[in-house]
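Both complexes below contain chain A, partnered by chain B and then by chain C.
Right, the complex of A and B next:
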């Protein structure tokens, strides 16, 4: 059984993926996690998770073109120019 | 080369990073497995020369430091074998191939350790040579391997400290202790010069082309010489190569190592190759019941 470990280096920091190992059960997994990822004080907390409990999502289709949720969804250049032209504030 | 493969090559050459689940050409996957597996094998076999000295370490502190180093190296092996497993080759098969002699491990682990001086020189200089290669792997196009290397490099830096401290204690000790260090350097110099491999040009090295490795062999060796020759000489120690010198272009010149010898050593004909493999076979057989019990209890 494969376990994934996430470690926090300092209080307040996000947990980041540390690595993985084989362990037959949670007790072994916890012991190995302490040995592999915290024995030199490099972590203040660990999350030890069976790999099968992790559901990886890697595809993010955008069939409905929901670009208004993103910064690149707003193209203001042409409109701003027209607005400035109308207001007579266009720089020469 | 088919279009998809060319696209992948352009991607990695342009600095692109590859994850486990991404599509990759078979050749890339095969090269990764072979290279990373050999790295894992080397971590595992590398503890055997040091293991011989746990019971003979001169002080309790040294014994504990050596044991901790060995724990680190076995930990690196497990991390690195995990990367190989996720690429498709299970750990058990890696161990089978190691024991049967089908896969290789690094040249420096095919030699015996004759004195405590060897232990210091290995931890200092062999680990220094290794960290140069491993630091270059931090930029590997295969991201899971590069991430593992961060932890490995961090831990290796402790080993160099431990090795240098051991060597310093000996060269500031009795004449006999100093002599043990000098003899160890004489013994280990050739394997160290072999360590980074033949000077194959980086642009012809497939490992560099796929951006699995980011530095050429000779570049790594030059970096080692530049960093460590002065550190050896300042201790009043000698290096057994009369041709060794830094030329006007700041390039290290040295006696060309015997490359046939390197090939013989890594294919299982080194002075300690068979003994080490036999030990690994024995320990695997002897501890087999432990994994069976642990797995049965967990089931």
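Right, the complex of A and C next:
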């Protein structure tokens, strides 16, 4: 059985993925997580999660190129250049 | 030597030699994760030994390394339980781990109440780490507890486990593991199996000139 461990470096910080290992049950997993990810004082808290409890989502179809929904929005560079050319002005 | 120094050295020798024996699994434990965990526990035990030797050393006007490595094999006071070499027998290793941690818990609880504040303080510190050693021992006990090779090992090691504790603490151990008190294998001058361990353990120290700094 594979376990994923998330660790928190300091109180209040987000948990980040630490790594994974094999262990037969939660008790073994907790003991190993402690030894692997907290023995040197590098974590203040751990989340020890069976990998099968994690539902991975990897498909995100975007067939119609709906750019306006993305944070970077439209690129106006090309359209700005066209407009300037029409007006006979150039950027300084 | 005072009774206090004698007690400290017995405890420290137990932790050092058990740590040494358990460290013999490094690289060859049943699986990788256990290898890391068991080696780490072994290292903790040796850390406890250091703290105890340091307390004794202050009283005896020497240092922890000298107590750990410069005595003759026959001067060590460790219980016979921790001297036994079990590699590659995991069932007996875990049986000893469970029995030792149970006995040690009783001993540490007792020492936390010791009239000597320094000794009681070190005992409290050790206890905070031993909690996790016991959790580790118990999870293996849950797995192996009903296997014949495990129960046979406990049967064999039970008189040795009693020998870890002073006679007045033995009834508590018998009660905790639910076994009748039998004749204990008492502490005595170590034998041949120990001499071999000692030879390896002190090899580097003996190869360096007296007074070398590390």
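One rule holds for everything that comes next: the second predicted complex is superposed on the first by the 70 of 92 C-alpha atoms of A that agree within 3 Å, B and C clash if a C-alpha of one lies under 4 Å from a C-alpha of the other, contacts with A are read in each partner's own complex, and residues count from 1 in each chain.
Operating definition for what follows: a residue touches a chain if its C-beta (ideal position, glycine included) is under 8 Å from a C-beta of that chain, and two chains touch if they have at least 3 such contacts.
Worth saying up front: this structure is predicted, and the values here are computed from it rather than measured.
Asks: In the overlaid three-chain picture, which partner chain does A:66 touch, first (chain B) or second (chain C), both, or neither?
Replies: neither
Asks: State whether A:58 touches chain B only (first), chain C only (second), both chains, or neither.
Replies: Once the two structures are laid over each other on A, A:58 reaches chain B alone.
Asks: Check the residue A:34 against both partner chains and state whether it touches chain B (first), chain C (second), both, or neither.
Replies: Touch partner of A:34: chain C, not chain B.
Asks: So, A:22: does it touch chain B (first), chain C (second), both, or neither?
Replies: Once the two structures are laid over each other on A, A:22 reaches both partners.
Asks: State whether A:87 touches chain B only (first), chain C only (second), both chains, or neither.
Replies: Neither: A:87 stays clear of chain B and chain C.
Asks: Following superposition on chain A, which residues of chain A contact chain B and also contact chain C?
Replies: Touching chain B and chain C on chain A: residues 21-22, 24-25, 28, 35-36.
Asks: Chain A touches which residues of chain B in the complex?
Replies: 21, 71, 75, 78-79, 82, 91, 147-148, 151, 154-155, 294-295, 297-299
Asks: Using the touch rule from the top, collect the residues of chain A that touch chain B in their complex.
Replies: Touching chain B: residues 1-2, 17-22, 24-25, 28, 35-36, 40, 42, 56, 58 of chain A.
Asks: For the complex, give me every residue of chain A touching chain C.
Replies: Interface residues on chain A, with respect to chain C: 21-25, 27-28, 30-32, 34-36, 39.
Asks: Within the complex, which stretch of chain C touches chain A?
Replies: On the chain C side, the touching residues are 31-34, 36-37, 40, 132, 135-136, 138-139, 142-143.
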